[in-house]
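Next come two complexes built around chain A: one with chain B, the other with chain C.
Here is the complex of A and B:
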C-alpha cells in the first residue's frame, strides 16, 4: 500500500497537538517535553524502541492520561480535563485503538454490543449502523453474536476498529494496532483505516515499532527517543531506516 | 462445643427429622473412603453433599412451619426435659417444647436475619467501595480511613453497643450486623473497581463517550456482581453466628422467639442435668449449613477464577 498523497495543507489550528508534554509515573520520567502534531487527512507515524513512551503519548493524545506538564489541543480547543472528566465531545473526537484487542473489550459482551457501545452511550443505538460498521471492518454476520473468547485476535481487533469508527472520530490513534496480528489481517485493517481516512478526512496517528509498516503507511514519521532521552522527536531523524 | 460433641441420635421415623439425618453427612462424608475412579467426581462429592444438605434444610425451613403451625409461646411442662423419643425425635427442652421443631423455626429466623443483615452490609459496603474506587483521591482516602476506623473496633463489641440502643428485635440485629460488617465488602469492591478502572476496556468505554453512570452500570457492576454474591454468601453464616452470639447474650432476638442463639442459651442451663440435646441440636443446625455454605462458596470461587483468568490471558 502506497501512501496516498495528502490533501491540501490544513489550517494550522485544526490539528491534534501535544506541546511539551511531560509524563511521570512516580519519579520515573516517561515523556519529557515531547511535542507532536497530528494533521487531519494525514497519517503521522510514531516510531521508537519499546519502552520509549509511544503508548503513553498515544494515551495522552486520546485524553486518557493526564500529563504532568505540557498542553494538548484538539482542533484548537485546549484540553483541561482528562479521562472521565474530559468533555464527551473531545473524548469521542479522538478514538484510540489498542495493541491487545483481548484486553480492550469487555469479555462479557457480544461483538455487536461491543461495536454498538459508543453509539449506545451517545443515545443512538442502531442495529443497521452496527452491521454496516462490522461489514466495513470485514466481520461476517455470524461472528457478531459471539463473545470475545469465541473469536480470534484478528476478528476482535476488527470489532475494535468498527467500534472506534462508529462515532466518526476526527482523529484515530492506532497504538500498535496490528502488532499482534498476521500479515493479511494487518493489511486489511490498515486498508479499513485508510478508507475511513480518505472518506472522512480524519487524522491518523500510527504508533508502531515496525518501521517497515510505517514507511509504507505514514506520510511522515516521527521518532521518539530512547527512554530517558530528553530530546523531543524530530521528523525523519531515524538513521536506521 | 458442637465440634467435640457426639453425632446426632439415630434416625427417628418422624418426617420432620429429615434435616438432621441428611444434614450430618457433609462433615461425616468429607474424607471419601471408597477408591476414587475419577478425581473430578471425587472432588465433587463434598459439594454434592453440601448442596443436598442445604436443599433438605431449605425445604424443611420452607415447608415445616406452615405445616406444623407451632405456637411459639406454648409451653407444656408435663413433657419438660424429655430425651429423644418417638414422639419428640430430638427431645424437648426445659419447658416441654419440641427441640427439633424449634430448631427448624430457629434456623428460619436466624438465616432470614442473617441473610438480610448480610445483604444490608453488602449494600453499604458495595456503595462505599464503589464510590471510593471510582472517585479516588480525597474521597477514597477519607472513606478508607473510615473503614479502618470501623475495623479497628471489635465488631461484636460495636454490635452489642448498637443492639443496646434498641429493644431486642430482628431489626436491631440486622442493623447491628449490617453496620459492623460492611467493611469487608467495601475493601473487596474498592480493590476490584481500582483494578477494573485500570483495564483497557474500561478506558475504551470512557474514550467512546460513556459517562460515569454508564461505566458503572455496564462495565463495573456486572464484573463486581460475582464477587459481591460470593461475599454475601460467605457473610450469611457469619451474620448468623453474630445473631446467635447476640441472642446468646440476651441482646438479640426476643427470648420467646425460637432462634438458634436463644435455644443454645436456654439449653446450656440444663446441660449439667444431662440434657445435652437441647443445646447440641441447635448447635448442629448452625454448624451444618455454615459448613455446607462454605464448601459451596469455595467451589464457586474455584469455578469463577479460572474462567476469569482464561478470559484475561488467552
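Here is the complex of A and C:
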C-alpha cells in the first residue's frame, strides 16, 4: 500500500511531526516517547482506547500543550513556544477541532462572528469569505445570526469547521470531531474536511476511537497503545513512511 | 506507564462483538424476532407476549405496557412555537427494547421528558401515554406531580440520564447518591441494597465510596444504571446513555441494556447512534423533525429502510456508503405543512405537500420499494467485516 522509502532518503521536512514526545500531568506519564508524523495531503488516523493519550498528542501537535520532552516541528520549523506565545505563522499553520463544540466557542458570539474571528484577528476581515466558508459547512440564512445556545451541536460543529478552515491551515487536527453527531452530519463534516484537504493539500490528523470511521476516512492508521502497556518508547513510529 | 505507537498496517479488525462485554453481560445483537411494535394507533390489544420475556428477573412483567398515542409537545416562546414532538405513537413492553433514533434536536429527549413529567413550564403536551400495570392504568400526561413522584419516577420507570458522569452531584460520593435514591424509595436497608446493585452492575461496592470525578466514564455509567434500578422499575428510559463514551464502553452499556431486557424489563433507548441501537434494539423508531417516520423490527429497518430519511441515515454510516443527507432538518419553529423531509428528499413531488400518514410502519408518500432495500442489505453484507 505504501511505498517503502529508500534507506538513504533525506529526511522529509514538509510534515507535521512529533518526535519522542513525553507528556506528564503531575507525576502521571501520559505520553512516553511517542513519535507521529502527519503528512501533507494525507489523512492520518489516530486510534486507541479511552485514556490512552490520543487527545493529549493531538493537543501537542496543535501547539496547544507544551510537552515535557521531545520535539515538534511544523514543516521543518521547530516549535519552541506554545499556545498564544507561538509565533503567528506557526499558530495558524495547524487548526484544531474539538469533540465538544460548545466548549470551543465564545457563547456571546453569533455563528458568523465565531467564523469571522480568526480572519479578523489576522487583520484580514472578509465577510464574503466568511459567508462562503459557512455555506460550505452547510450553514445559511438566519442560523448565522444565532448564538451557540440557539443551535444544535451539529450546527455549532459546522461553524467550528468553517472557522478552522478560515485561515487555510496546512494541517488540521480533528480530535473526535464527529463523536457527538449523528451519522449524516458526521458524513457531511468529513466531506467538508476532505474537500479542503484535496484542494489545499493540507495534512489531516483524524483522532477517533471509532475504527469504522477511520477505516473509511484515513489513508493509514496509527494506534496509540493502552496506558500501562509494557512497551517502551516506540522506535517504529513513523507510520506514514 | 507508557504509551506506544505502532505502525498503522497492523490494526486488528474490529473484534467480534462479544469481546468487550462484561463477563455477566448478555450478548447483544439485533433480534431477528418478528412482531414489530405497532405504531400509528394500532395497539396490539390482547396479544400479550407470554414467554416473550425471559425468566429470572425480579421485575414484574405480567400486563405491564407503556402505550403512547399521538403524543405532541410544543413550547411557547415569544413570537414562535417550537413543535418538538408531533403525533408520536408507539408501545413499549417488557422483554423488548425500542430504540428511538434521530439526529440531535429532533425531539427525542423532549419525548422522554414528557413521559416523566419533567418538561419546563412553557411546554404544552397533548396525546395519551398509558402506563398499564396489573393494578390498573395510569395516564402519564397531565398526571399530578405527586402521582408521578410517588408511583412513576424511579418505581415504574427508571431513567438513565444523558452523560451519567455529569449527572452525579460532584460533591458527594456515588454511594451517598445511590443510598439517597433508595431511602427516597422507602427501602429499609439502603446500604446493603446499594452494594447489591453495585455488584450486579459489575462494580465493587468499594467503588461506590468514590466521588464522581474519581470514577471513569464506564464506572459512572454503571452507577447511573444502579440508581435507575434502585426502585426495581419495569421500564427503563435511557436518554442518550452513551454520550462521550468510546466504542467499547458504548458496547458494554448496550450489553447492559440488553441484559435488562432479557431479565424482563422494557427498555426505551433514545440515541443518535445507529450502531449502538443496532446492538440492543428489537424495534426501531426513526424520528425526524419531531415525527416518527418509520418504525419496525430493528434488523428490517436497518437492512431495508423504507422511509427516505431512514435510508439516508443508514447510508451515512462510515461502514455503509458514508454519504450525508443533503441539507439540514427544518426548524422546529416553522415546520412545513406537509412532509418535513420533502425539501431534502430525492423522491419528493407534489403529493408531499400533504402530511404523510403513518401506514404499515412508514410515514411517506413514496416509501422505498423492497428491491432497493435488498441492494442495501447486499452492500452491507459485502462491506461489513464485523461478525
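Basically, the second predicted complex is superposed on the first by the 217 of 241 C-alpha atoms of A that agree within 3 Å, B and C clash if a C-alpha of one lies under 4 Å from a C-alpha of the other, contacts with A are read in each partner's own complex, and residues count from 1 in each chain.
Criterion: contacts are C-beta pairs under 8 Å (C-beta built on N, C-alpha and C of every residue); 3 or more make two chains touch, one makes a residue touch a chain.
Only a predicted model underlies this, so the values are computations on that prediction, with no experimental measurement involved.
Student: Will chain C clash with chain B on chain A after the two structures are superposed, or do they fit?
Tutor: Aligned through their shared chain, the two binders fit side by side on chain A.
Student: Give one of first, second, both or neither to describe whether A:35 is in contact with chain B, with chain C, with both, or with none.
Tutor: Second partner only, chain C.
Student: So, does A:62 touch the first partner chain B, the second partner chain C, both, or neither?
Tutor: It touches chain B, and chain C stays clear.
Student: Applying the document's definition of touch, where does A:210 land relative to chain B and chain C: first, second, both, or neither?
Tutor: second
Student: After lining up the shared chain so the two structures overlap, which partner does A:118 touch, if you call chain B first and chain C second: first, second, both or neither?
Tutor: In the superposition, A:118 contacts chain B only.
Student: Can A:197 be said to touch chain B (first), chain C (second), both, or neither?
Tutor: Touch partners of A:197: none, neither chain B nor chain C.
Student: Counting residues of chain A in contact, which comes out ahead: chain B or chain C?
Tutor: Answer, by number of touched residues of chain A: C.
Student: On the A-aligned overlay, A:98 touches which partner chain: chain B = first, chain C = second, or both, or neither?
Tutor: The answer is first: A:98 touches chain B but not chain C.
Student: Quick check on the superposed model: minimum Cα to Cα separation from chain B to chain C, whole Å please.
Tutor: Least C-alpha distance: 9 Å.
Student: Can you name the residues of chain A that touch chain C in the complex?
Tutor: For chain A paired with chain C, touching residues are 1-2, 28-36, 44-45, 47, 49-53, 99, 138, 152-155, 179-188, 190-191, 209-213, 215-217, 220-225, 227-234, 236-237, 239-240.
Student: Can you tell me which positions in chain B touch chain A when the two form their complex?
Tutor: Touching chain A: residues 199-201, 203-212, 214-215, 218-219, 222-223, 310-312, 314 of chain B.
Student: Considering only the defined contacts, which chain A positions touch chain B in the complex?
Tutor: 59, 62-64, 83-84, 88, 91-92, 94-96, 98, 100, 102-108, 117-118, 121-122, 148-149, 160, 163, 166-167
Student: Which of the residues in chain C end up touching chain A in this complex?
Tutor: The contact residues of chain C facing chain A are 1-9, 11, 14, 102-105, 216-217, 243-249, 272, 274-275, 312-314, 316-319, 322-325, 327-328.
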